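Two complexes come next, and they have one chain in common, subunit A, joined by subunit B in the first and subunit C in the second.
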Partner chain A sequence: MHIHAYEKLWLAAAIALILLLIGSVTYGAVGPGVAMVTDSENQIDAGGLDEDERFSEPRVEQVGENHYEAYVVAYQFAFDPSPIVVPEDSRVTLYVTSRDVVHGFEVVGTNANTMVVPGEVAQISFEVDEPGEYGVVCNEYCGAAHHTMEGKLHVVSQSEFENRGEDA
Partner chain B sequence: MSEALRAEQTFADKFPNEAKVVRAAFLGSFFALFLGAVFGIIQTLHRTGIFRGFIASTDYYTVLTAHGVFMVLSFTIFFLVGLFTWAVTRSLDRPLVNIKITWTWYGLMAAGMTMAGFSILAGFTNAIPVSADVLYTFYAPLQAHPLYYAGLTVFVVGTWLAGADWFRTYLAWKRDNRGERIPLQTFMVLTTMIMWYIATSAIAASILLFLLPWSLGLIPSVNPTLTRTLFWFFGHPVVYFWLMPAYLLWYTVLPSIAGGRLFSDPLARVVFVLFVLLSTPVGIHHQYLDPGIAEGFKFISMTNTMFLLLPSLLTAFTVVASVEYGARRRGGTGLFGWLRALPWRDPAFTGMMLAGLMFAAGGFSGMVNAGMNINYMIHNTLWVPGHFHLTVGTAVGLTFMAATYWLWPQITNKPIYSLQIGLFQVVLWFIGMALMSNAMHAQGMLGVPRRTAEPEYSGFDYPTAFGGFEELNLQIAIGGTLLFLSTVLFLGNIVLTMGNPKVSGIAESIRPALSGPTDAPQVLDNLRVWVSIALVLVVLAYALPLAAIISDGGLLGPGVGTYPVWLDGTVHALAETATTAGWMLVDSLTVLGAHVADTLSGVAP
Partner chain C sequence: MSRTETTQAPVDEAIDDEEFDPVGTLALIAVYFAILVLAWVYIYYIEFLGRDLVVVG
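So, the complex of A and B:
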């Protein structure tokens, strides 16, 4: 089969581009350590979240010196808890599940983003620095009022975080 | 003299029966395009907040389902079956084996799409207890009316029979032409259909084993991760099912329109073989952010996806080289000066070239989607529809419209009503899409979600970049309006063309490739080899993930409920009506049977 010289060059460039793209994704995984949402968590009875140790009371918990975990339930058409309140300069691990249909969980303007599938628990981790308020949206169609489904993520100062229970 | 006359024949002269099928398929396709465009403009104006008077926000998802299904299943696939019927018949230079079978698959496709379309449109009224507001992806446990799943099944079975029809015609040709290379267009059709059979096996399994029985109440629940995965097993190759007819046109028709010849027949075959091999074992890249699938499977899918760029990059080279050859034959010179020698006044040429240009842009935004960890930034944001309006929405859609200006006269003997309007139409599409798609990509970068009636929220504002949310909304609305106008011009032009009288002397021919099929290694035509390798790759990519999903969540899912979007508390009424109707049918059949038996016994001696 005759292949034109220019075409051979083009082919080589195309393969180089492909390897470069695979390389950049691999670098993202092993260099900066961008982990994928994966199947690390066990399946969960979507109809029995009320009896689940983590999700019967959706909440934020301190699990290490600067490490917080949040157990979040998505349902038609809200997130619980909302707002998710975490202190500044901390590492946050979210566990998100759904009690009904497929939802999305996206902290707007960031790369904290996951699908929320009933029966599965999505785990995402990220770091927060300064205090601020972020919007959380459901980015997968979940029913007729899908567009009203939003939540909040509040990053607050250490002192505010420690006093948060007193207003409730 | 008779030789010269034969060369002057159009497809319609030579194969009048097949031309009717092609015409019927195109008309079905254009009807869907019309519906899709109407829902498209409603959706654009609603979502951007320019005008929300057509529908309530809760009905937006009915509109969105209709736009998606009519555009990507009816418009594209009806065009495909018309084009492939033309391509097989033309390139084998013989009629289809049995035109009745041809009309049967056309009828099945039309019936299936009518069922699915009815179930979607019934979502606008509460008077009919049917709806299918589940969007084109129908993710369980949202549940559509059984009619939706049944309709899709009938439609797909129709496409299977269409493929069988083309394969039979090819086998009949092969018996008469031992040892000859498969003509290029037929090769493209057969390889595309092989890919389609592999791809649709998963969606058929998903619907027939799970979704349809579940919607009929025969099984209590489904595993959402399993049905999602089966959907995307189908959902990625389907995009190549839309694209391959456009490639067929770029490879075999565009060079001739440009006055040139296809650069290399063997490389065209290589490209189609690569699509057979690589377009299915990549579907998990749509599920990068799914919690139920392990990271390793996602990585494998990502790697395969990146290699899938190769056939498209090769296509870019071949198409540009073939067109350049045409330009130089027309007297074009210089490094880029040859571009001026091309037939830019021809809407078929200009439309396909602009479609190809936008496909390049869509390819680059697709590389971002495919970049597993970069995808976090844009997953399920408006970036994604921005991307696929460049690919299926323009590379495919605009190519189909542009090719119609060339093909329609060949299948009807009627010249196009106005090629000037056609030229304006394809350019308008390009401008409209440039505005809309660019702004959609930008909104995606701001985090604006896709698939929502009201992307503005009460609790937060989007970051201000790229001109800001509001300004981008305006660009989307203007772009969408131009696209709607462009569609109206296209459809109007075709309707007026149908009123034109038939003429003779408009036959066009397709010139053979510069480097012909005899230069291609024989193995390229050995379809069995490619089917086997494709199946092995699919098994490698999917066996473990599917086994893991089933062993983790079970076939029927971990305690997941059912969320029908079609019941409205009328399920019992519906069930009763169905039962009553069923018994009435049984009764009347009994009466009829008795009557027939009586009559027969009366006749008998």
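So, the complex of A and C:
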């Protein structure tokens, strides 16, 4: 079969493009370690969060030298805790669940973004560096006051983090 | 089934693909291709990976 030289050229280019797309996503997963939100967490009773070990008292907890976990409850129309306060230069794992309807949890302008489904726990981990304040919004329509549903994520210095109880 | 006369006609000798060089089409596809590659590099490497709080777990 005879194929025109130009056609060979753009067949090769199209294959190269496909390899670039697949290669980029592979690089993202292997290099920066981009991960998806999975269903690895067990289901919980959305109506019984009061008795749940993690969510009866939404909070930030230190679980490793530089690793913090936050247990966050979304409800109509707020997030608890708000602000979520974590120290700078640490790894943060958020466990987010809902006690009523489907919500979203998006740290505005960042890649930290997940759906929050009642009975399911969304787990996302990321690294924070410099102190700063991020907004958190619900990005799934959840009711009449959906547009007012917001939270805060504060990244503070180590000393400020250790003294945070005194301001409250 | 009727057979048309064109199927019986000899191949037009004038269309020899070695002389058929659609340079304009090639250039157009090259431009589209460059836009596609640049857009992908921008979207994935700069807009997506360049943002804060990349989810790693």
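Assume the second predicted complex is superposed on the first by the 150 of 168 C-alpha atoms of A that agree within 3 Å, B and C clash if a C-alpha of one lies under 4 Å from a C-alpha of the other, contacts with A are read in each partner's own complex, and residues count from 1 in each chain.
By definition in this document, a contact is a pair of C-beta atoms (placed from the backbone, for glycine too) under 8 Å apart; a residue touches a chain by one contact, two chains touch by 3 or more.
These numbers were taken from a predicted model, which means no experiment stands behind them.
In the superposed model, A:T93 lies in contact with subunit C only, and not with subunit B.
Put simply, more of the residues of subunit A are touched by B, taking subunit B and subunit C as the two choices. With both structures placed on the common chain, the touch criterion links A:A12 to neither subunit B nor subunit C. Of the two partner chains placed by superposition, only subunit B is touched by A:H147; subunit C is not. By the touch criterion stated above, A:V34 is placed in contact with subunit B and with subunit C alike. Contacts of A:V128 after superposition: subunit C is touched, whereas subunit B is not reached.
Of the two partner chains placed by the overlay, subunit B and subunit C both lie in contact with A:S24. Residue contacts after overlaying the shared chain place A:G109 against subunit B and subunit C alike.
In the superposition on chain A, the residues of subunit A touched by subunit B in one structure and by subunit C in the other are 2, 4, 6, 10, 17, 21, 24-25, 28, 34-37, 109-113, 123, 134.
The touching residues of subunit A, counted against subunit C in their complex, run 2, 4, 6, 9-10, 13, 17, 20-21, 24-25, 28, 32-37, 93, 107, 109-113, 123-128, 134. For subunit B in complex with subunit A, the residues that touch the partner chain are 57-58, 60-61, 64, 133, 135, 139, 141-142, 223-225, 228, 263-264, 266-267, 287-295, 298-299, 302-303, 306-307, 309-310, 313-314, 317-318, 321, 367, 370-374, 376-377, 379-381, 446-447, 449-455, 457-463, 515, 519-521, 548, 552-553, 557-561, 563, 565.
The touching residues of subunit A, counted against subunit B in their complex, run 1-4, 6-7, 10-11, 14-15, 17-18, 21-22, 24-25, 28-29, 34-39, 41-48, 76, 100-102, 104, 106, 108-123, 133-135, 137-148, 150-152. By the touch criterion given at the top, residues 17, 20-22, 25-26, 29, 33, 36-37, 40, 44-45, 48-49, 51-57 of subunit C touch subunit A in their complex.
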